[in-house]
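Shared chain: chain A. Partners: chain B in the first complex, chain C in the second.
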Partner chain A sequence: MSVIETSNLTKRFGKTLAVDDVSLKVERGHVYGILGPNGSGKTTTIGMIVGIIRPTSGTFRLFDGDTPQDLHEARRRIGGTLEQPNFYPFLTGRENLKIVAGIKGLGKREIETALAVVNMSDRAHKEFKTFSLGMKQRLALAAAMLGDPELLILDEPTNSLDPEGMVEIRELILKLAGLGKTIVLASHLLVEVERICSHVAIIKNGRLLKHGTVAEITRGDSSYSVHAGDLNSLQTAIENYPGTQHTHRHTDRIIVELKDNDPAALNRYLAQRGIYLSELSEQERSLEDAFMEVAFTGESNSRQGS
Partner chain B sequence: MIWTLYRMELFKLVKRLASWVTYLSYGVLIVMLYGSFYYNALKSKFAYFGFPNAWQAILELSAPVVSTFSAVLIVQAVASEFDWRTSRQNIIDGMSKRQWFTAKLLLLPTVAVFFFGSELIYSGTLAWLGTDPEIENAFAITSTQLHAIIGVFIGVLCYSSIALLVSLSVRSTGPALGITLIYQVFENITTRTLRGFDLDRLADWFPFQVHLALLKYNQYLTAGAEAKRGLEHVWDTNLLFVAGFGWIAVFLTASWLVYRNRDL
Partner chain C sequence: MKAVLRLAVVCMSATPLAHGLAIAGLILVLLTLITQRIFPWWTLGVAAQPRLALGFQLVLALLSSIASLLLFCSATGMPALIHRLAMGHQVGVMPHGRLKLLTSAGLVVGGLSLLSATLAYLSFVDFPLELPPIFWSSLYLSLFAFTLSYMVIWLMGLYRTTMTTFVGVLLVILCLLVPMRLSLRGAMETQILLIPTLLMWGMIGGLIFAAPRFATIAKRPAFIADGAGSPGAGSKPIDLLLGTANPWRYALAQIPPLFLAGMLVVDTPGMLVLFVLLATLTGAAASLAAGRSRRLWLRSGASRAELYRMVESAHVRQGVWSLLVLILMFALVGGLAKFSPAKFGTGIVLLVVAMATGNWLGLFCTQGLGWREGGCAIIAMGLLMLGAYLCVAAPPHYLAAFSLDLAFLGLIAGFRYLAMKRWREIDWMRC
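Here is the complex of A and B:
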């Protein structure tokens, strides 16, 4: 069952194409990262899903329903934050949650549970405007979790927190993910997405460049690390190999990116030339490498396109 | 659900210092205004502040104050939701746009009743204390007073619905407050120009002119008392009420469309 499914979702603000033809699918139990630099359209995408921004074109479904009534009911199963914690400054933390609970039709017990989860029980009697940013973020998380929703949508939940606060919030999200909740997390922080998410969509300039499991995205699907006794002749041979896209010499090995992703063919080719590899292994990439690569090619594609 | 939403609106209003500052400023003005009448009547043999004469002062003098302060409170309650982005969060939390708008709509009559009501109770009590016991039927309410009460109420709602439209269009408390208060100046300039071209009857139909007409006690005088009027234009009472409700309907519909069709 899909929890969120968008097809060709597009949003234009005047001349700015904030979200461009985004089709993605989030399934139950996914911890889905939306990764992209500032201004890439993460908030706008989420804004459309939570119903505060009207798509220019395209559609989306929540919990497999797409009539206005379905969407309204689906939104009661969703907890979300957008950009920054939005609360009434003159109300206390607890009173603010009372408002949220009122909207969701919940009671006191749920409020206390949510406050306890984010470790705010003893500070919730203070006015929201006196909160530190970390407390505000935590209250936002508590509000999102109120009533134990099936889907949590969090937009940069660790934004402008100190490292300690970031770790704390991430651990909290991981805990929720461990409970089997579906979570959508927008972030421009690679490490965050890498640590927390099972799936990731990379978005830039409003366009969905790549999506899949984090393993799929980070797996070196065409990069290999090779080693042989004589690195110099190995490098020359690899550079002459027609299937080579790109090579990179390290002190002790060579990283080669293959056009056809067929390492066996490379091995055969080298063996025919009397070079026997002592190592041939798939190159692990960090999400950062993947992101840089995808974002870079994405950019050049869109340049060609325009 | 509507009842819950309404209770939440009241909760926010009551918990907020700014609402009380507005209400207290209003209260001080009202207390001074009618207090001075009462005090003068106590001191001077020639001044009288009691029923039935006091009705005009009770219903007309404070009416612009009631409607202005009600409008200010509406702007404070509605526009600030955009400053805090709670207008977004409420929807994310599961409110529909229709529910959000309805909750704000319910504030209009609530605020009007509260402001106008507290003024009536206060000035009415003073006038009751000052009423000469010799006067027969001093406390009887005539159709003029009834119409004037309804008229002020519609007038207050009319200005509040302008405030709602401005708040939802401008989405920022400071500018919305400014525009709501300055609006009448623009309209007065426009209608004065129209009157210069002998287009008085057109000018009379402008919303703020209708609003002002609604607040005029002499508008509602009965046949025998017409000499006291001194108004530029006397409306037929029913037509005036229809005009008032018409503008309220226009502003509320426009408010809903502006709110519904824009991204939050």
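Here is the complex of A and C:
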């Protein structure tokens, strides 16, 4: 069952094309990262899904429903943090949650549950202004968790936290995922998405460049690291090899990207020219490599406004 | 502009204490002014008892300086707030964020100085016809004094030791006393104080704009209270988030400007215009609702249409309070000016109409003030002014005023219709 399914979602702010034709699908239990640099349209995409803005065109389904009534019902099953934690500084954490719970029509019990989930039960009696940023963010998560929603949508949950705070929040998100929540999170941090997400959509200039499981995206499918005694002649030979897409010289090896993904053929070709490889291995890519690659190739054919 | 004003208000009411101080200060300002206006002969020294008059004048001067002091204290949180905002990342997100920050600080200091200067001037002179030297010299002095004091407070906040506190306080006192004494003796032109004041502002501006470079000193970005009012017992959560939880606060906030204006605007037609203006503006506070209601979405589980109804009723409730206070004040003014019952009635109806117009016009402004909203506002304002004129003109045109009120009913219904239509498809990211 899909929790979110968007098709050709587009949002224009005047002349700016903030989100351009994005189609993605989030299924139950996914921890889905929307990864993109600043201004790429993450918040806008999320905003459309939670309904604080309306798409210019395109449609989406929540929990397999797409009529206005379905969407309305579905939103009761969504919790989200869509802005910086915004609470009254002079009230305690618990009192702040009470306000939110009051709006949601929930009581004391739900507040305590939410506080327990984010490990804040023993600190919620302190005033919000005395909280560290990490605690503020956790309180925001607790507010989102009020009423036990099935889907959590988090916009840059670790933004402006220190490394320790980031780790704390990430662990918390993993814990929530462990509780069976579906989580969508926007982030511009590769490591974050790599560490906690099962799936990722890379977006840039409003366009969806690539999406899939984190494993799929990071799998190196046609890049190889090669090494031989004479690197210079190796490089010349590889550059002349018709199957070469792209080479990159490191100090001690050459990274080659092949058009047909056939390393054996390359090896044969080199051996015929008297070059014997001392190393030929598939290149492991981090999400960062994948991101940079997609982002750069994506840039040339992306449309910005009109 | 909205952001600047909001920042300035936050600067003066960052904590409940500051809020209280600001209100106390304003009440005191009021008190001084009332006394000035109602018993001017006491203070002028023409009474049978010159000594008593002199004493009274001193008391008034004292009261007005306490008022300035209270208002000054209410903004003591400002340096730290501006500091944290300048260091935080939110200011970078806001267009011209740093400029707005600087402007709002300037606004607070400028406003305070202006008020102090006015108070100082009024405690010497009964009737404001032209601004005499005392106004200017106290303005320059206040600008300098407030700027300096806030800078010292900022520094003391940065380096919190007994020594810095001591030195800081001493510095402020010296910098205040010396120019004051010199200028009183006529040994110094207070204008000269503009130079150090401007220099300080240059420095403040420089610091605000260069703040990212000092980011390492920043502890953590500030959380800004949005000034929506502190939650009182029994207030509804929705009202808390909309900022309509403490209607009496807004209602009472109308009184100081009315009294201030009472000092300056002498004729009753002018007063009615002012009342109408205030009623409209208070109603127009509803224009903040669009931005604030975003926090209710997802939480309230309400649809856009339901949310509109919630917001509308919250603001109507708040408006009724403000209206009550306004009508009370109007009765007071009208009583003093010996209005006829017809004039009273027409005036009160006009106030209701003005508030309602402002309210639904405000609700209609879901995306700030564009030319469409601006146009509507100008037309509505013009018609309201016409209504005020019809009521106070010399002979009054009550029938015409009555028909105008009827026309307004149509206009309000129109605004309400448009507001509902817009709220049905509100885009909160654009508010």
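Criterion: the second predicted complex is superposed on the first by the 266 of 306 C-alpha atoms of A that agree within 3 Å, B and C clash if a C-alpha of one lies under 4 Å from a C-alpha of the other, contacts with A are read in each partner's own complex, and residues count from 1 in each chain.
Basically, contacts are C-beta pairs under 8 Å (C-beta built on N, C-alpha and C of every residue); 3 or more make two chains touch, one makes a residue touch a chain.
Note that this is a predicted model, so its numbers are computed, not measured.
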| item | value |
| --- | --- |
| Chain B versus chain C as contact partner of A:G102, first or second or both or neither | both |
| Contacts of A:Y88 with chain B and chain C, given as first, second, both or neither | both |
| Chain A residues touched - chain C or chain B, whichever exceeds | C |
| Partner chain(s) touched by A:G165 [first = chain B, second = chain C, both, neither] | neither |
| Which of chain B and chain C A:G47 touches, first, second, both or neither | both |
| First, second, both or neither for A:G243, with chain B first and chain C second | neither |
| First, second, both or neither for A:G58, with chain B first and chain C second | neither |
| Touching partner for A:R75 - first (chain B), second (chain C), both, neither | both |
| First, second, both or neither for A:G39, with chain B first and chain C second | neither |
| Set of chain A residues, in rising order, touched by both chain B and chain C | 47, 50-54, 72, 75-76, 78-80, 82-84, 86-91, 95, 98-100, 102-105 |
| Chain A residues within the chain C interface of the complex | 13, 43-44, 47, 50-54, 72, 75-76, 78-80, 82-91, 95, 98-105, 128-129, 132-133, 136, 160 |
| For the chain A and chain B complex, residues of the former touching the latter | 47, 50-54, 72, 75-76, 78-84, 86-91, 95, 98-100, 102-105, 143 |
| Residue ranges of chain C touching chain A (in the complex, touch as defined) | 15-16, 89-90, 220-221, 223, 225-226, 230-231, 236-238, 240-241, 294-301, 303, 425, 427-430 |
| Interfacial residue positions of chain B with respect to chain A in the complex | 4-5, 7-8, 11-12, 15-18, 84-86, 88-96, 263-264 |
